[in-house]
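Lettered A, B, C, D and E in written order, each chain numbered from 1.
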Amino acid sequence: MSCLETIQSYAMRSLGIGERLLPRSDFTLCEQFTLIGSGMIWNIYFGLMALCVGFFFATALAVAKSTTNPWVRKPAKWFIFLFRGSPLFIQFFFAYFLFLNLKGAFQFFSPFTAAWLGALIVLFLNTAAYSAEIFYGALQSIPKGEIEAADAYGLSGWHKFRRIIWPTMLRLAWPSYTNEAIFLFHATTLVFFSGFPAWQQRGDALYYASYFADKTFNPFVPYPILALYFIILTLIIISLSGLVNRRLNSHLPTNMRIQFKFRLNIIR
Amino acid sequence: MFSYCIEPDALATFQWLTCYLTTGVHFSFYLSFLNVLGILAVTAPIALSFGFFGAIAARSQIVPLSLLGKGYIAVVRGVPDIAFFLFFVIALDQGFEWLRHQALCPNWTDPIRQGNDFLVCPRAKLPLGTAPQTVHQLYAYGLAIITFALVFGAFAANVIFGAMLAVPKAQLETAEAYGMSQHQIFWRILVPQMWIYALPGLSNLWQILIKATPLLFLLGIEDVVYWARELGGTKTARFTSFPHGDWRMWYFLALLIFYLFMTWSSEKFLKKIMQKLTKGQDMAGTAMSTTRDFS
Amino acid sequence: MFNLLKLVAKHRHLVKSRYERFLISNGHAILSNQSVIEIRDLHKAYGDLEVLKGVDITANRGDVVSLIGSSGSGKSTLLRCCNLLENSQRGEMRFKGEQISWIGKKHDRRPSDPKQVLRIRTNLSMVFQQFNLWAHMTILQNVMEAPVTVLKRNPSEVESAARAYLDKVDIGDKCDSYPAQLSGGQQQRAAIARALCMEPEALLFDEPTSALDPELEQEVVKVIKDLASEGRTMLIVTHDMQLAADVSDYVVFLHQGLIEEQGPPKTIFGAPTSERLRGFISAAHAIQ
Amino acid sequence: MFNLLKLVAKHRHLVKSRYERFLISNGHAILSNQSVIEIRDLHKAYGDLEVLKGVDITANRGDVVSLIGSSGSGKSTLLRCCNLLENSQRGEMRFKGEQISWIGKKHDRRPSDPKQVLRIRTNLSMVFQQFNLWAHMTILQNVMEAPVTVLKRNPSEVESAARAYLDKVDIGDKCDSYPAQLSGGQQQRAAIARALCMEPEALLFDEPTSALDPELEQEVVKVIKDLASEGRTMLIVTHDMQLAADVSDYVVFLHQGLIEEQGPPKTIFGAPTSERLRGFISAAHAIQ
Amino acid sequence: HSVVRMGTEGAYPPYNFINDAGEIDGFEREVGDELCKRAELTCEWVKNDWDSIIPNLVSSNYDTIIAGMSITDERDEVIDFTQDYFPPTASAYVGAAEAADWEKGVVAAQTATIQAGHIASSGATLVEFATPEETVAAVRNGEADAVFADADYLAPLVEASGGGLVFIGPDVPLGGGVGMGLRESDSELKEKFDAAITSMKKDGSLNTLLVKWFGEATAQY
């Protein structure tokens, strides 16, 4: 099989499209690249969806945690504590268990035991909790003067939040939030590794990588391929986040943004 | 453990449980908690120093050093920890042995790679083939700690790097104006002020590090989760005196409590540190009054 | 000494017609329904440090009240309490006759009605000593922000008003700069424009001319006088005795958290009674 | 008009003996070995915005040179260039006769010798317009920091010196407070004490009295005069014409990045020649 | 070899598992100890995750794999096997009831096992779980119609389930027998163990152990 054919038959294998059987012998590099790449579809799906939805929930949670009203603050605090406080795979375990039982009781829950929905929900809640803590920390470090000015001008509620606090919070939280986004994408590899079952060998990148590692008994090829994919993904995340960061920091004169660029002469 | 444990089948529930929970294998389970705590205690400072030096390297004015730092951060940060653990430890181990081989057995003629096998001279083995099992264990721990520290060091480096940029420029500028050298500015102004910006990120990392300990098993260390899985799985009467069904849920519940407790106590501790660090600095969270209402 | 007392008496007499209401209202709140800002027996402490130890101030519609006093005497704190940015421990405050309702006791005392706080704040704009411009917005955005989002005024109208105010303080060309790109005086003027653009009932200025050169100070004096003639009430903290003398209807001298002396500028500057104030004023004269 | 010119001529004559060296050195650097700070043809731009367009300034040992000018005219920028905090694009600078060596061209120009920069900065303390106290240190630590770490002076000696300076500016009781807990004027005084404690050859003050009340201002005037009599050189940016007139040996009026006029205070304030300066001074008079 | 390190998984009864005392136990433990005795070797037991059990062998972190590993062609390319000490095994289906559809229904198997590979190419819908425990649980809770795994692993579970689980469908012979894995370069050690296994087969001691751990019905030498 030429590499092009391999790509045709396996590029969408993780979605169940293309060749039904995985390669079973004489594994080529092309096959490994294609299948592991195909698995990345799931990692990206999980990461992107959880991140997008989680962002809003996280913002709400962070705000809730910083309010004075205990009826709002306490639940938010506990939620964040619970999801930040336990390993992801335990969350997967209990979620899967819960969804199974719910599925037994209500027809509605039948798709929940599948990874595409069940794992997504867990990842979403998990990232929301972690991001909420980051946002909460950022809220705490907003310069006091700027909040006071907002108060003094009668900015309150939504406006104060949307116009003054949120942009500043985002700016302060952004580096940590980028870290969290990267972690989340990495965490998606846990879904099939120790969380939800893989149906008909439709799995994520790590699933295929370990498939190859198991078949070839050589971890030094498939895992570095996986690593490469993830490094590329991470670099994309970092550069996108860099673009956003530049926008968030556009108010700082350039000489304050890029520091320590001067005095390169020491090495000359 | 207890004298009455000879005939577990005949025991009442409570006594049965006391016997069950004191079997040797359960002690391995309990011991693994200490193991995890010990590994965390050792890993965290090492990872932090990796992070610190990584950040310093990344912002160094010496181009190769800066590239090294940035490369370290970007590459290690890019790889999911699981994938990293699945091949890195073996590679690290082989790397060490290869180095020792070069140093200790210069006259060795056999190739190191024979087909799939990786063979160094016996003197270069790590640990030595004659070493007792405990040395092997310790070596495994060492490798695990290095690997963990490398991975989390990269993230810590990123956090610290960002925090260093977050320190208001005016503060550094003033130090410069007072004739402090770059070295002095760094240690006397930048580093002390950086911590407030770095601590939230670092505490997040610490939480993630705690929660990454289940991956220790991939590094050849029997951690709490390994034992919980092992003990919680269905046990038939043929292989144990204490048969039971699928009890993973209970074991995982115990783990959940353990991890929540870890989180809770470290949050308390970090909050104390944060209070110390933010002393005097003018931010919303440090306002004199009660928590501010943002909504 | 005799001379001085005579001077005071004379001035008292002169100003009586105009400032009567102050003297009366500062004694008892008889005419307080006319007053816009009214503070009674205000106490404020940071931890153990008592900053305000019982301050009374009244400002009626269209009045300019200046707060003078040495550095650290609690002037900024007083303004911040007016705007409810700082919680005070004792004392009453009224804004346009509306009494602020409190909840909690002592160090825990705070306003009980957020709606009320909001209502008061939108009618009361403040220029901070450290300016506190919003760092992530351009100057124009800084000025437009509150009128558009809080007062729900038409954005395009607000924009032209904002530009007009920025022109008035002479930084029309810096509309699209961010605060970090401005000089100290430019930032201060932006902060003033931001306060003006709210077109509030009352204004609180914390050293509004500290970073301004004499010409701009003149400009600000003019602006303040215009505002007063439009019927706006102002509380101004300043170290510039000339500014205080120029613009104010009434001057309050704060010393160690208490009002040491108060009165119309002529009296205060012309015939100070207390030892402290005399020392203070003579220092100012030594400079001017 | 005639009168004014005559006045100038008269003053020129009067001050000649004392300020001769300025006039000469400002023309050509004949006696520049006496000068402590010497700036020639300084150009500085932020991006497209030209802030300084060729400025010459000389300050000899023990001289107090005041920089006045409207807000945004580039005064702070000039001070920051003096301290090499900003890189300038053109022009020369000398400190105690030592010429600063540059590397790079145009927008990339910067000092080439870090050691030299350090040497200059330790002899040149600055009080910033926004104070810039180090937020993580108490006031006492702020003051002690540079003498101990940069000058390697004995910590316990420095501490007693620091306390003395803090007492001098009247905030001895705030030693253990953090900057965020101080009032504006207290912060400014702490910043002044910090600069004094370096006991530098020359000082750069950026509006050192903007947040101070008249009494403290008097205090600062005294301090500045003492420093001058000790032979220290000072560059002072100020909006307070009285301060400038009081303390300076020489006044420079900056306008739109250029020196519009310069001379001893008597001339500048007594007989300004340029239209711009006359407007500026008359505004100051209108206030005072 | 002064000390021979024996790598096993410790999670696959009755081949190998952790007993109540926390020690490695099971059929292979006993066979291994006996083999070491006969080959006059000092042996030490090491636990290792299944996923990395072969890579760790070839990188010399231990010297043998004795972990219920079937001899297959693919594995034989990478490592060497001794002769089998357990006859070719059968894999079997287990369902919750006799009627369960193992042909076209949902069949659970452990990820990356030969059983999973077999189901993938059969007509059934494969669902893979990370651990064998979970594959059986999937049948119990109805996620899967049947589980396909090593018959010897399933037998004790079926026995203990009290009718909750039943064998269905035909047994499927997969893979060769179970042998000990060694590095290809380690032919000396391989010969020693081969000889020891032969002697155990000859004197019937291996059969005794087989019966002890797998019951009377199991295949013998």
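A few notes on this one:
In the analysis below, a contact is a pair of C-beta atoms (placed from the backbone, for glycine too) under 8 Å apart; a residue touches a chain by one contact, two chains touch by 3 or more.
The shown structure was predicted, so the numbers you read here are calculated from the model rather than taken from an experiment.
Common neighbours of chain A and chain E under the contact definition above: B. Note on connectivity: the fewest steps through touching chains from chain B to chain D is 1. Put simply, the chain farthest from chain A by mean CA position is D. Two chains share more touching C-beta pairs than any other pair, namely A-B.
Centre-to-centre spacing of chain D and chain E amounts to 85 Å, using the average Cα coordinate of each chain. Chain B and chain E, compared by their mean Cα positions, are separated by 33 Å. Centre-to-centre, using mean CA coordinates, chain A is 53 Å away from chain D. Residues of chain A in contact with at least two other chains: 143, 145, 193, 210, 213, 217-219, 253, 256, 263, 266.
Among the residues of chain E, those in touch with two or more other chains are 51-52, 55, 58, 78-79. Each of the following residues of chain D touches two or more other chains: 46, 114, 130, 181. Per the touch definition, chain B reaches chain D in the complex via residues 168, 170-171, 173-182, 184, 188-189, 192-193, 277, 279-282.
Note for the complex: chain D touches chain B at residues 83, 85, 114, 118-119, 121-126, 128, 130, 132-138, 145-146, 149-150, 177-181, 194, 198. Chain contact summary for the complex, chain E toward chain B: residues 1-3, 5, 10-11, 13-14, 17-23, 25-26, 44, 46-49, 51-52, 55-56, 58-61, 78-79, 131, 133, 136-137, 140, 156-157, 159-160, 183-186. Per the touch definition, chain A reaches chain B in the complex via residues 63, 66-69, 73, 81-82, 84-90, 93-94, 97, 130, 133-134, 137-145, 147, 157, 160-161, 165, 172, 175-176, 179-180, 182-183, 185-187, 189-190, 193, 206, 209-210, 213, 217-220, 223-224, 226-227, 230-235, 238, 255-256, 259-260, 263-264, 266-267.
On chain E, the positions that touch chain A within their shared complex are 51-52, 54-55, 58, 74-75, 78-79, 108, 111-112, 116-117, 120-121, 125-130, 134, 138, 141-143.
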